[in-house]
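Structure, as structure tokens:
To keep things simple, chains are lettered A, B, C, D, E and F as they appear, and every chain counts its residues starting from 1.
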Amino acid sequence: MSGKPEIVIINPNTTASMTDRIRAVAAETAGDRLDLTVLNPDHGPASIEGFYDEAMSMAGLLEVIGAHPQADGFIIACFDDTGLDAARCLTAAPVIGIGEAAYHMASMIANKFGVVTTLSRSVPALEHNLMRYGLAARCSGVRASDIPVLELEAGNSDAMARINTEVSQAIAVDKAEAIVLGCAGMSDLQAQLAREHQVPVLEGISCAVRLIESMIALGLENSKTGGYAWPRKKSSS
Amino acid sequence: MSGKPEIVIINPNTTASMTDRIRAVAAETAGDRLDLTVLNPDHGPASIEGFYDEAMSMAGLLEVIGAHPQADGFIIACFDDTGLDAARCLTAAPVIGIGEAAYHMASMIANKFGVVTTLSRSVPALEHNLMRYGLAARCSGVRASDIPVLELEAGNSDAMARINTEVSQAIAVDKAEAIVLGCAGMSDLQAQLAREHQVPVLEGISCAVRLIESMIALGLENSKTGGYAWPRKKSSS
Amino acid sequence: MSGKPEIVIINPNTTASMTDRIRAVAAETAGDRLDLTVLNPDHGPASIEGFYDEAMSMAGLLEVIGAHPQADGFIIACFDDTGLDAARCLTAAPVIGIGEAAYHMASMIANKFGVVTTLSRSVPALEHNLMRYGLAARCSGVRASDIPVLELEAGNSDAMARINTEVSQAIAVDKAEAIVLGCAGMSDLQAQLAREHQVPVLEGISCAVRLIESMIALGLENSKTGGYAWPRKKSSS
Amino acid sequence: MSGKPEIVIINPNTTASMTDRIRAVAAETAGDRLDLTVLNPDHGPASIEGFYDEAMSMAGLLEVIGAHPQADGFIIACFDDTGLDAARCLTAAPVIGIGEAAYHMASMIANKFGVVTTLSRSVPALEHNLMRYGLAARCSGVRASDIPVLELEAGNSDAMARINTEVSQAIAVDKAEAIVLGCAGMSDLQAQLAREHQVPVLEGISCAVRLIESMIALGLENSKTGGYAWPRKKSSS
Amino acid sequence: MSGKPEIVIINPNTTASMTDRIRAVAAETAGDRLDLTVLNPDHGPASIEGFYDEAMSMAGLLEVIGAHPQADGFIIACFDDTGLDAARCLTAAPVIGIGEAAYHMASMIANKFGVVTTLSRSVPALEHNLMRYGLAARCSGVRASDIPVLELEAGNSDAMARINTEVSQAIAVDKAEAIVLGCAGMSDLQAQLAREHQVPVLEGISCAVRLIESMIALGLENSKTGGYAWPRKKSSS
Amino acid sequence: MSGKPEIVIINPNTTASMTDRIRAVAAETAGDRLDLTVLNPDHGPASIEGFYDEAMSMAGLLEVIGAHPQADGFIIACFDDTGLDAARCLTAAPVIGIGEAAYHMASMIANKFGVVTTLSRSVPALEHNLMRYGLAARCSGVRASDIPVLELEAGNSDAMARINTEVSQAIAVDKAEAIVLGCAGMSDLQAQLAREHQVPVLEGISCAVRLIESMIALGLENSKTGGYAWPRKKSSS
């Protein structure tokens, strides 16, 4: 037993190399203050690109959460915040998505933030989330670089150029004052993009690690009145 | 082969008696014009009460859809329109949720409609949907009778009184001009409530059957540009 | 007496050739299931291009509706849904506008739909409607081809090119996932545009015919509580 | 020729006694600075109570406007701002509705204003206007006293009590900081209500007279680009 | 004592030459109907360019208002309506900002108005105001010419060209039907821009003078219930 | 030099006893991880109750910020987030308001949160902030207990009862799932209210301390593109 808060970070897709990258980014932020468990479900989609993958990864994600009843907090490490509301029903411990984490942080340092994500197919799902969180009016637009998630993972040489173009457009055309990187796989690009474009660039994993640590320290738990009510005892039992 | 459009109606929970009731309501609306298959997944939650059940029923629901590639249209027969966007990624055939169906129909006969559902726990999920569909401003409010879904199913004697109270309040206080019954299990109450309260009362199953028949006849298919893009080939393959 | 539902379709302008085209499109959708009466008022504007024409066509339109008390349903066959709310006060039978019909249908197959209409002068009226229906957030934008309604009618050779340009822009720039044709006179172009642009293209007449048939079959009537209250007996009488 | 700006004020219903009352209120505000013509159409509804009356009064209203091409400005003296957009197409001279006038004025002296109108049937039409003007978020709610317009006209003794109740509720429950009287026929009650409830109470006729005078003095004319474009030459001619 | 309403117009920055220009524009509108006092605080920023200057000018502005208890009305002559709500707490006399004045007037002659201001830095502050007033949906966009306020004052030769470009874009791209000049220093350009672009162009000073005169004549005072409550006696005293 | 991040917390009113209480709450959250400076301006209002006090406290607040150029982050310890945008212009170091901090945190553990503040006079200012932050749709309502700030400070015996009533109503009537305490002076009540009402109750000081610590650790700075642009060099210099 470490005495440190135990955080479970779930990559809701089954690609272990992406889980490894998430672990690396999270560990750098967590330092020795948190006890991190970073993992992915053993079944479900290899990447999450839009509504269908999101739906198919939910059961695996929720099983992982259910299997860690002792955790002090959870992070859903996919930018579309897969299953976030469902997860909050399953546990009193705080649960945060990396998309949500980056949006909230960005809205405290910029009047409007732009989001640059991978595929056009993912844009409507992110727009739904922004509307649900209330932050749609703070977002100058969600732009897709149309780089598949796993290609980004593979170090595609063209990727950086296409992302740079969308970041430039977000600033010049959409009047974004900060940029949120809309994919866990883009985390490595954060420093370079901030330097080149001279605006704050946020990646969600580190934002989420800091936020969940804060929420635990503040004793904040999911409300069990209303939509996240607990226990979810069945009416028939 | 019947020559009639083939509609697959999925009750996303695993309670067969509820599937039977959905079949009865749907069959009455479909007459002999449609070839109906009404079924439920063989795994997943026994009822859908809020975000968690919704998430846990998605895989089963999508498997059923995937297992019927020849269907001309699909209806998701749970009032929170479980997995609707995901389903539209999986098929070009039109897919409609019974909540969505009732909301659209209600907004063409009333300036504002009220929703009366079962549990308070389900209200935020319905509110999310209304916001996403754009129809939140047309809804005078979502009210919960706090009758569990399966208790309604069991013919609880108090249920009608509690539902009547919420319908009355929706009309008098919220200024609803029509009432949408917010649960597949409430379908049987439609005629009686309309008679007593003298406003249009809509239940979603019959609305959805008529709408899906219309969409098929019009040749309308899910857009495969953007959020429902197809085929969902993985970037890695 | 046919035994079939009787639908009265009103072209609210006085151009008979346009009424004929509306009749042709509606008849193809109605088949032998509906008894159609398609007509136009004998006084009022020759075409409806913006707020003024809309206002000047209302009396004629409502007279036609009042003259058919036996009808089971009404369709207002002008894309700005002329006098829709007024018509719903005048009758309990369902009334649907072709703009409204197309918007609702489009929002069930696409995350966002674009509208391509004729004149810039008409755009604000359509935007008002979208806001009122609640569907403004589902619309990626209303674009005008600046082709006058009757020129379209006359088979102007340039028209198709200009409409094609706006459709392309709606998809590429506005991220429309489906296109709604914003004028009754554009109905003939539906199939060709869908083929060329590879997204669903909706025209309102056929959508409205199917929807009104559905509403009648479902027994849905205009609410007579609130804004459409009936009878409209005068306070002084 | 007076040299004074000529204002045409149209009561869009045909009840001459109401026109007389409007004239009296307007004249008191106009003093000798404006040359007022206050009149009503010779055909159309006797009072305007909701969508249907509004639609049926449009042609008469627009004929009156068209018959005064020399006027410097127009006021539509019905609280639902009948035919406002259509009127702006017909003339370059500024046109203002008494509802609109009161809403804009109220939003400059209060964070939120409440509206108290006559009939429930009229509420949705007023809500549509507030949404269209952009001022819905500034309105704490539209309340109906359910006093018919012409009964108010007839000096019904119960009317004041019922209006007082709604004003009190608007302040206490809805947190209105000012009250807009939602009917031309309520103008006489303004001073008394302000005194009793100790909040600003606005009636639209005087607001509109002052605003139209201001607009004329500032040389403001209706935009003829976009929705109010002029001349409305028909495409076929 | 003049017997005329006394209006105090405050330029919230300390640049006397700008105060002089404001006086000239206001005087032309006021004629001999109003008794104008036009002044600026003796401390605070030399120009107001964004949130910081706005905040730093508030104390000076409010002192001026407090020093004129006899005034019948106040105008805040900076386009970001500096300290408007605070000023309304300090006095019962009506207070209007020149930005607010122009927005309300523009929304009565155009479906959508565009705003052309000086610096990009000022855009978010104007957007906040539009949202707060409820008129954001009536604005087609706020564009910055990136001409510093005092450079405009100095008669910079390039300024007109840059402003012309933004006005053209607002009309062609954003579909603005009228233009609001987003800086007190642009008032002189109003007539020329209106002539060149053939749409109504509004400058706020003259709009505000006419509106405050109207409000005084109508006896409208700031509500002292709610957010502007009076007297602001401290809870401790 | 401590090596720890240096946080400057400004109570924008001049009541030292309130500054002391803020210091106590902040110190408990900060532990020995942060180097706190908690202070108030030496001029300005004794408490901040609505728009006027807010405006009058801005200069003092911004002077304090300007006097600490070496600070790593700032907290504005008044629930209406006095001068937040202005402060972000003045420094690159992150600045957070205690209202904003609590709203963001609450929206990650509840579908909707209610706010319970002191005076009715303060409600519109809080509503403005919620709208500006984008989180208005996440708030179930702002309720006032009508207890003056300094009376709360003085340990008024009736205060708790009145606050309890508003919290109960927020949960039962407004369907709040969590409660945000809308005044720095209410911080001491947090634990007791959470226990009694069985929903999460958030107070802003501790939320802000954790958030600013997170932002500093993440290297997040205010955007200097757009509304917070830096340096604010005057155009004339």
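Operating definition for what follows: a contact is a pair of C-beta atoms (placed from the backbone, for glycine too) under 8 Å apart; a residue touches a chain by one contact, two chains touch by 3 or more.
Since the model is a prediction, treat every value here as computed from it, not as a measurement.
Peer 1: So which of A-B, E-F or B-C matches D-E, with over half of the contact pairs the same residue numbers?
Peer 2: B-C
Peer 1: Greatest Cα-centroid separation from chain F: which chain?
Peer 2: Centroid comparison gives C as the farthest chain from chain F.
Peer 1: State, to the nearest whole Å, the distance from the C-alpha centre of chain C to the C-alpha centre of chain E.
Peer 2: 43
Peer 1: Which integer distance in Å separates the CA centroid of chain C from that of chain D?
Peer 2: So the centroids are 30 Å from each other.
Peer 1: Going by the contact rule already set, what residues in chain C reach two or more other chains?
Peer 2: Residue numbers touching two or more other chains: 85, 88, 111-112, 120, 123-124, 131, 137, 175, 226-228.
Peer 1: If we count contacts the way the header does, which residues on chain C are in touch with chain B in the complex?
Peer 2: Against chain B, chain C makes touches at 29, 85, 88, 94, 96, 100, 104-105, 107-112, 133-138, 171, 175, 177-178, 198-200, 202, 206-207, 210-211, 213-215, 217-218, 220-228.
Peer 1: Show me the residue ranges of chain C that touch chain D in the complex, using the header's touch definition.
Peer 2: Going by the criterion above, the answer is residues 45-47, 49-56, 58-59, 62, 83, 85-86, 88-90, 120-125, 128, 131-132, 148-151, 226-229, 232, 234-236.
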